[in-house]
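Chain IDs A, B and C follow the sequence of writing; residue 1 opens each chain.
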Amino acid sequence: MASSPPPDVIIEAVKLSKSFGEQRALSDVNLRVPPGTIGLLGPNGAGKSTFIKCLLNLEAPTSGSARVLNRDIRESHRSSRERIGYSPERDCHIGGLAGCEYVTYCGQLSGMSFRAARQRTHEILDLVGMGQERYRPVDTYSTGMRQRVKLAQALVHDPALVFLDEPTNGLDPSGREHILTLIGSLWKELQISVVMSSHLLRDIERVCDRVIIIAHGRVIEHDSIAALRTRNRRIIELTPSSEAPRFLAAFTQAGLKAEPLSNGRLRLETEFDSIEELLRLMQERRLPPAEITANPDALHELFVQAVAGSAEPPPLHGSQPRS
Amino acid sequence: MEASLDLSRWRDPPRGVAYRRWVILSTGLRRLLRQWFFRALLVLSWAGAVVLALVGFIFSQSVGVGGTLDQFLGNFGPRGAAVAATIRGLVLLYPDVVVNSLFTTIFWVQAYLGCFLSLVALTALTPSLVARDRASNALTIYLSRPLTSADYLIGKLGIIAGFLLLVWTGPLLFTWLLSVLFASDKDFLVYSFAPLLRALLYNGIAFAALSAIALGVSALSRSSRSIIVIWLCLWLVAGFVAKVPHMPVWMQRASFSRDLSQIDSEVLRIDRALIDAGQELPLTNRRLAENLTQAGDHTAATDFGGSVTGLAVLGGLSILLLFRRLKPE
Amino acid sequence: MNAVVQAEDVSRFYGMVLGLNNVSFALKPGLTGIVGPNGAGKTTLFRLILGQIRPSSGRIRVLGAEPWNNPAVAKRLAYCPEGDAVPAGLNARDWLTGLAMLSGRERRAARERAAECLDRVKLAPEHRSKSLAALSKGMRQRVKLAQCLLHDPDLLIFDEPMNGLDPLGRDDFAAVLRDLAGQGKTVLVSSHIVPDLEALCAEFLLLRWGRIPRSLNESLSPEARRAWPAATTFRCADPRQLARFLTDEGLLRGWDLGPEEDRLQVRWAEPERFFGDFHGLLLRSGARIREVRHSETALQQVLEPPAR
């Protein structure tokens, strides 16, 4: 397969459904997902993991069809997974092998020759930040190391699409930073599409350019992050450099709805697009400078609204992407 | 930020399913052979093969005119020379019986050794087949690659096959080859071929049954220790129970080691070999002839059909269990 | 105000293995975030505070007394550890009732208290009679939180409390924690997820290799965070115009246009002059500014990994 341009649609699902006995985990999911970095969100038990597993044939869909990277998951059973990588949430590994042996083995299982796999293994292990531990058995690894090796086995065969389920689980802050930066650059620099499922909305906002929200087995939102930002009411978060109480007093007096937070910040609701009015007010009252952030929790708000709204049986949106 | 994404790309066409199954097989086998235990088993089985091969070789070499047996027994004076002449005569007159019986006996011993060592190997091997993978959720990793559960099983089956080939079939063929190579008389080749085929048949049946049962047992639990205990129960304890007199027949058939020995006797026809030797050969020593006949009757298979059924049932149950447990989670 | 936890030159070693090395700190009521890489000594710190182990040297006082072997102190403490071990065979209601009874309540009161706590953590009634092992990870976290609330402690320690919770669950959990802080309790939260901590806590304690690096922790104190930052990120309608304006005023050492088209990152040459006339300058620039913030939060800066 020569280096071809990325396909228009990396995931396509038509009325995909999955039931476990009487419980419907997925109901009639229709999606067309363009390439890029996509965040997959949803409350626990909503069907996110089931969706990914159906696409990977780890669960057999009850009805409906899906195509991944333009290959039907049922017809092209094996080959639909040739250029896909998966890093599951749970601890999964093949026991008894050293880290680099394990990743090389995984590369070979995807059809790489031993030499190609070995070479890529060491490159990828460098990339995820693993040092000499690679020569020790995976069974002796700490949680953080296991997470890294899981990511490595998902990337070793140069996939066109990776599914990452809670990729920063178990990593300390600098590890999280490293991996998030890595994930963010997969699409931009290597044209590897990423579907990242996480509960950490800040991470998704930072890394993804598009979001899918699944609740109660249905897709209730599918849009780009930029578009989502504009849909919410404007919330401003202020971090005063000093004299926080005066800020609160000033804003309340001016008739703005200001709410103090437990971390010392203030939250305001406003209709204006820019902060000129606020700056004027602060200047008038001779308030000290402050950090001003707009819509810091845009995705969070959207999530809460969407899930609350989806409690009614018929879904409101048909799940076609808006942009 | 480091120039970290300076990666090589992999754009070759991925290799096919056969290669991937081979990878599972070869990686597993290589891991196996790194352990001293399995290497020790190999050494034992090949040592046994060498010994048996020597027996066959000496026999085939020596029983010709002017052969070493002649010379050797000639040292014992005219009586010895007469014995040598008798043996040579027997071989010339009754090649089928003598060669056949001898090689049947050799292969029977070899099969016994091979089977035993295979069972010991499987005791240590079974946990690492499926149980360990289930304990570490490895199936999710396997199945997220372009593989199906069938490929996974074929690979694992291949590991068992590979090892059994090394520990049983290989020595078997080596024994035969060395015995008949440079043989003075093509009779040796011809009349040893049938026992060889039968030994190979038995080998094949044992492989099919044992690999199915081993895979099934391996899927029973996630703990290596439990698996070993279960396997040892099925092998030794059931085997012991089956030998206790007046056991109900179905209980005897439930022991795969007993079933295998029954099939062994029937397929290799050791009983016929001994009986023929006792009855057809013009042996002067009546006692020897009677002993041979009795030994033949003793080793006759009494319950061949039942044993085959028993093995089939055990194998079938194992396969069913395996497919039920082989889910990625 | 009297510190709730006071530690002076506390060290704890396990043979040769380092736990904590000569640390001193004072914790006040409210929410405090505890950050540090793995192996930094957080678990040792918690166990010392809870009185499960004694320091190899130094003194530690919790709620005015030594925590070791001190039931009076112990019953005012609560610990919500990271692990997931739950007793098999019990359901949530019975488990909590049993624990409440162990704290001295009699059965009827214990049952009520258990129900109250389960309400507070928002565990739906239909899950309360299910076996604990059958609950999802998020629900088990809620039960753990309820366990900690049962005996109305004054000091609570949480280790990675929001692991496995979806965003709604995190909200609920954070609300409970804020509530507790509002009631005057002392809450210590340890997490690897910096944004969570920043959203919750105003005070932080940074651990690294068993020490509390003084310089780093000082830069986390509220006073230090008032110092002017070296780099600021703006989001506005026309970043180039803003950049030009600020350069003309002679304030910048350098600037970059960010990944998004409305983002501008600047490095200050004269931060005091800018922040001295913060509002005036920004209004005069004429750029329709939407956001002004430090390029990195103090916590992020401090956690930047040293060159490997």
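Keep this in mind: a residue touches a chain if its C-beta (ideal position, glycine included) is under 8 Å from a C-beta of that chain, and two chains touch if they have at least 3 such contacts.
These numbers come from a predicted model, not from an experiment.
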Chain whose Cα centroid lies nearest the overall Cα centroid: A
Most remote chain, CA-based centroid, reference being chain A: B
Centre distance in Å when chain A and chain C are each reduced to the mean of their C-alpha atoms: 23
Chain B and chain C: spacing of chain centres that average the CA atoms, whole Å: 64
Mean-CA-position distance for chain B and chain A (Å): 54
Chain A-touching residues of chain C, taken from the complex the two chains share: 31, 35-38, 136-138, 163-171, 178, 181-182, 192-196, 198-202, 222, 226, 235-237, 275, 278-280, 282-283, 288-294, 303-305
Complex contacts: residues of chain A adjacent to chain C: 41-45, 142, 144, 169, 171-178, 199-202, 239, 241-242, 261-264, 273-276, 279-280, 282-283, 288-289, 291-294, 300, 303-304, 307
Of chain B, residues touching chain A in the complex: 1, 4-5, 7-17, 19-20, 23-24, 27, 31, 128, 132-133, 135-138, 140-148, 151, 328-329
In the complex with chain B, residue positions of chain A that touch it: 1-3, 56-58, 77-82, 84-86, 88, 90-97, 105-106, 108-113, 116, 119-120, 123-124, 126-127, 139, 153, 157-158, 181-182, 185, 189-190
